[in-house]
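Notes follow the structure.
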Amino acid sequence: MSLLEIKNCTIRYQNGEPAVSNVSFNVEKGEIVSLVGESGSGKTTLIRAILGILPSGGKVTEGQIILDGTDILKLNDRQMEAVRGNNISMIFQDVGASMDPVKQVKSQYMESILVHERIPRDTCIERAVSMLKRMHLTDTERVMNAYPFELSGGMKQRVGIAMGMTAQPKLLLADEPTSALDVTIQAQVVHEIRELRDKYGATIILVTHNMGVASYLSDKIGVMQKSRMVEFGSRDEIIFHPKEQYTRDLMDAVPKIGGKRFAR
Amino acid sequence: MPDKNVLLMVKNVSKEFPVKKNKLYAVSDVSFSVSRGETLGLVGESGCGKSTLAKMIAGSLPVSTGSITLDGVDYTGLSAREFRKFRRNIQMVFQDPLSSFSPRMRIGTYLCEPRINYDHISRQEAMEEAGVLLEKVGLPVEFLNRYPHELSGGQLQRVAIARAIAINPKLLICDEATGALDVSIQNVIAKLLVDLVEEKNIGCIFIGHDLALVRSVTQHIAIMYLGRIVEYLDSETLEEKCMHPYTRALLEAIFDVYCDQNEDIKLLTGEPPSPLVVHKGCPFAQRCERCRNECLENRPELAEAGPNHLVACFNPL
Amino acid sequence: MKIKTMSRYRKMVWIRFWIALGFAVLFVVFALFSNHLAPYDPLETHYDHMLEAPSGMFFFGTDQLGRDIFSRILYGGRTSLLIAFLVTAIVAVIGILIGTTAGFLGGVFDAVLMRICDVLLAFPGSIFTIAMVSFIGTGIPNLILAMSITSWTGFARISRSLVLSIKNNVFIEQARMGGASNWKILTVYIIPNVMPSLLVNIFQNIGSKLLTISGLSLLGLGSPPPTPEWGFMLSEGKNFMYQSPWMLGFPGLVILINVVVFNLLSDSIQELMNPKQNNW
């Protein structure tokens, strides 16, 4: 059985044109699946629906989202809350912006753990520190006592991933986790995400517009265009043998070192 | 970089900002030139000083030391009044299309503004020209009556470019002008820019962080690190000829679409050091795997490494 | 124009806006044409109809001198609304001019102006107004003067902070590159963008000024006695509160409705002008 099955999902905002129409795909345990496409293609809407945090007015009007055998669309708010805490986590594009600017990382981190579990303070900190170490944030003391503005973008992003992974969710959703970062820092974060899967067996859905990152990380890739999933397949199929013209165009458009130049 | 056709000369330009009791060295001793019809790429990570440098060249920010000359005129010392007249020679296109537009100003008015302000032509005349300009950047004339939020990011960026070239500037600066756009739109804008620079024979500085994209629209690239240019070279042969370890690291950090998944990423450890501290040695030394004792003691100066190629490194690749 | 479905909530806001605007216009029309609409002269005394309850003859009853309360309220609107509008206009123009210039230019000019504002804001507004009026004397011009002096600071503060929030926008930088002078940047690029928020404040101010005027008149510091004025009518009515509650009730109700209408108007303007909800 797949860990996540999305079946004929259609999502609309205020009964307008669908933002996601009739999308289906499966995610197996321990896989990294990337959703790629241009802005407005519906990829972010889709993963927000999985976490049940669609902006107001947004609704899954048709289809099913089945996580580990349960259709999460049928859950009530309280049950969904529990799913969010224990089974699914999300990392946002700009973790810094989703952090409280006047609280130390330590207290925010603990809060995020204590919401779901009643455990002693010390255990809490232990867990946080070991997660931060896994993310290669070696100076854990400084990181834990820092305010968000004292950390660089790359460090905040890693703290965000660490926080998301602490509850050992079955599924990690990442919405453009490297897009706000510089290229060298992006490479570091991509490396951490890869390690999460290789070493700790995490299942990850990655939304990105960076085709290179998707190609490096993914086992499967879904290409979205104007609310539809135009192509879904294994990484090699999509990258090396795309069936759809749109996928081919998308790959061609990515600037490449040694690729074509406009300037003469 | 000797060239008879030189348009812009930047000589030993530095910028310091006072921060409490300290000084922040945003740009240190930068020199380069841009010829007519040439596009120079400025590449570096956030905080490397590329945007500060752009602002100084555009005249929005005074230089701390050094001189900038355009067509033989050093404009760093001009009075506010003189500079207002001079300003038309340098125009800029910014990263975020929506924030470069006043939300309550129609596209037509926006396009007319520079011509009316600098050349005092009538509104009607300016509006006719604006229509022509829109067609030049591939947009329908009807857009004159639209508001910014009714256009897409790519369309807005075209309008911004149209406005910049309306008064025939000598130099165009694009600060991450395609950074916020989707890849397919990015290419369209890049091509439009290249064509305009060629057709109008103006100089262009293209600032970006995506080395692959910058390479595709420029003739030369200057790589900046912590306020300094560490390498200057031809775009076309960037990959084969680059000698600075940082340039190499930037190249390796790009994920190629057709990459091999099993190959490990070559990671550059750490992050750029704080610009508040003055470094005795090479600013890149702490992150460099080719670092030697010399690198920690002395700062390498930009030196000729071949035709059109300068590099600041004691132990280049 | 693109046609999209308007959300139900937005429709409600529009309805609220039109109702509030309708009432506001109605009150202004009543005040302007009170001489045609009022059944009696507001100063005319009917000694045979003193303290009479509302009836077909006197809609809102009469006061202790037998004057028609309905007519007095209509005429009173002239005084109250005139003062409120005038004060708001004066205060808005002065405050916005000073505030935007201070925010835009910055430096010494800004510092000096804002310290003056601070000093004025340090006094409680209404008490300062009362002190001013008792110092320079009652009468409508003095009332307007006193209220203007004490309340332009609010507009100056708000417009200054609005300007500061958009001054460093990229489009201002681009306007400079397009050769726009300081004056042009202020009038063409900045003011149109801060105006919507200020408009909200302007309407809110009308409501609060109506209250201040009534309060001052109640204390006998407003318009001089024979002139009909809502607050003054309240002050007269309070002596006959138990015998003839209509003397107090109707002017009070009218003040209440007016204040609510102008506040509603400013509220709905604020919501309608919010660009983030621009989805109609």
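So that you can tell them apart, the chains are marked A, B and C in the order they are listed, and the count of residues begins at 1 in each.
The rule is short, and it goes like this: a contact is a pair of C-beta atoms (placed from the backbone, for glycine too) under 8 Å apart; a residue touches a chain by one contact, two chains touch by 3 or more.
Quick caveat, the model's predicted, so the values are computed rather than measured.
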| item | value |
| --- | --- |
| Two chains sharing the most contacts, counting C-beta pairs only | A-B |
| Chain whose average C-alpha position is farthest from subunit B's own | C |
| Length of the line joining the C-alpha centres of subunit A and subunit C, rounded to whole Å | 52 |
| Euclidean distance of C-alpha centroids - subunit A vs subunit B, Å | 32 |
| Residues of subunit B defined as touching subunit C within the complex | 58, 60, 84, 87-88, 90-92, 94, 96, 99-105, 113-114, 117-118, 149-150, 160, 163, 167 |
| In the complex, subunit C residues that touch subunit B | 2, 169-171, 173-181, 184, 188-189, 192-193, 275, 278 |
| Subunit A - residues contacting subunit B, complex | 38-39, 152-155, 182-188, 190-191, 194, 209-213, 215-217, 235, 239-240, 249-251, 253-264 |
| Residues of subunit B touching subunit A in the complex | 39, 45-46, 153, 182-184, 186-187, 190-191, 194, 198, 209-213, 215-219, 235-236, 238-239, 249-259, 261, 265-269, 271 |
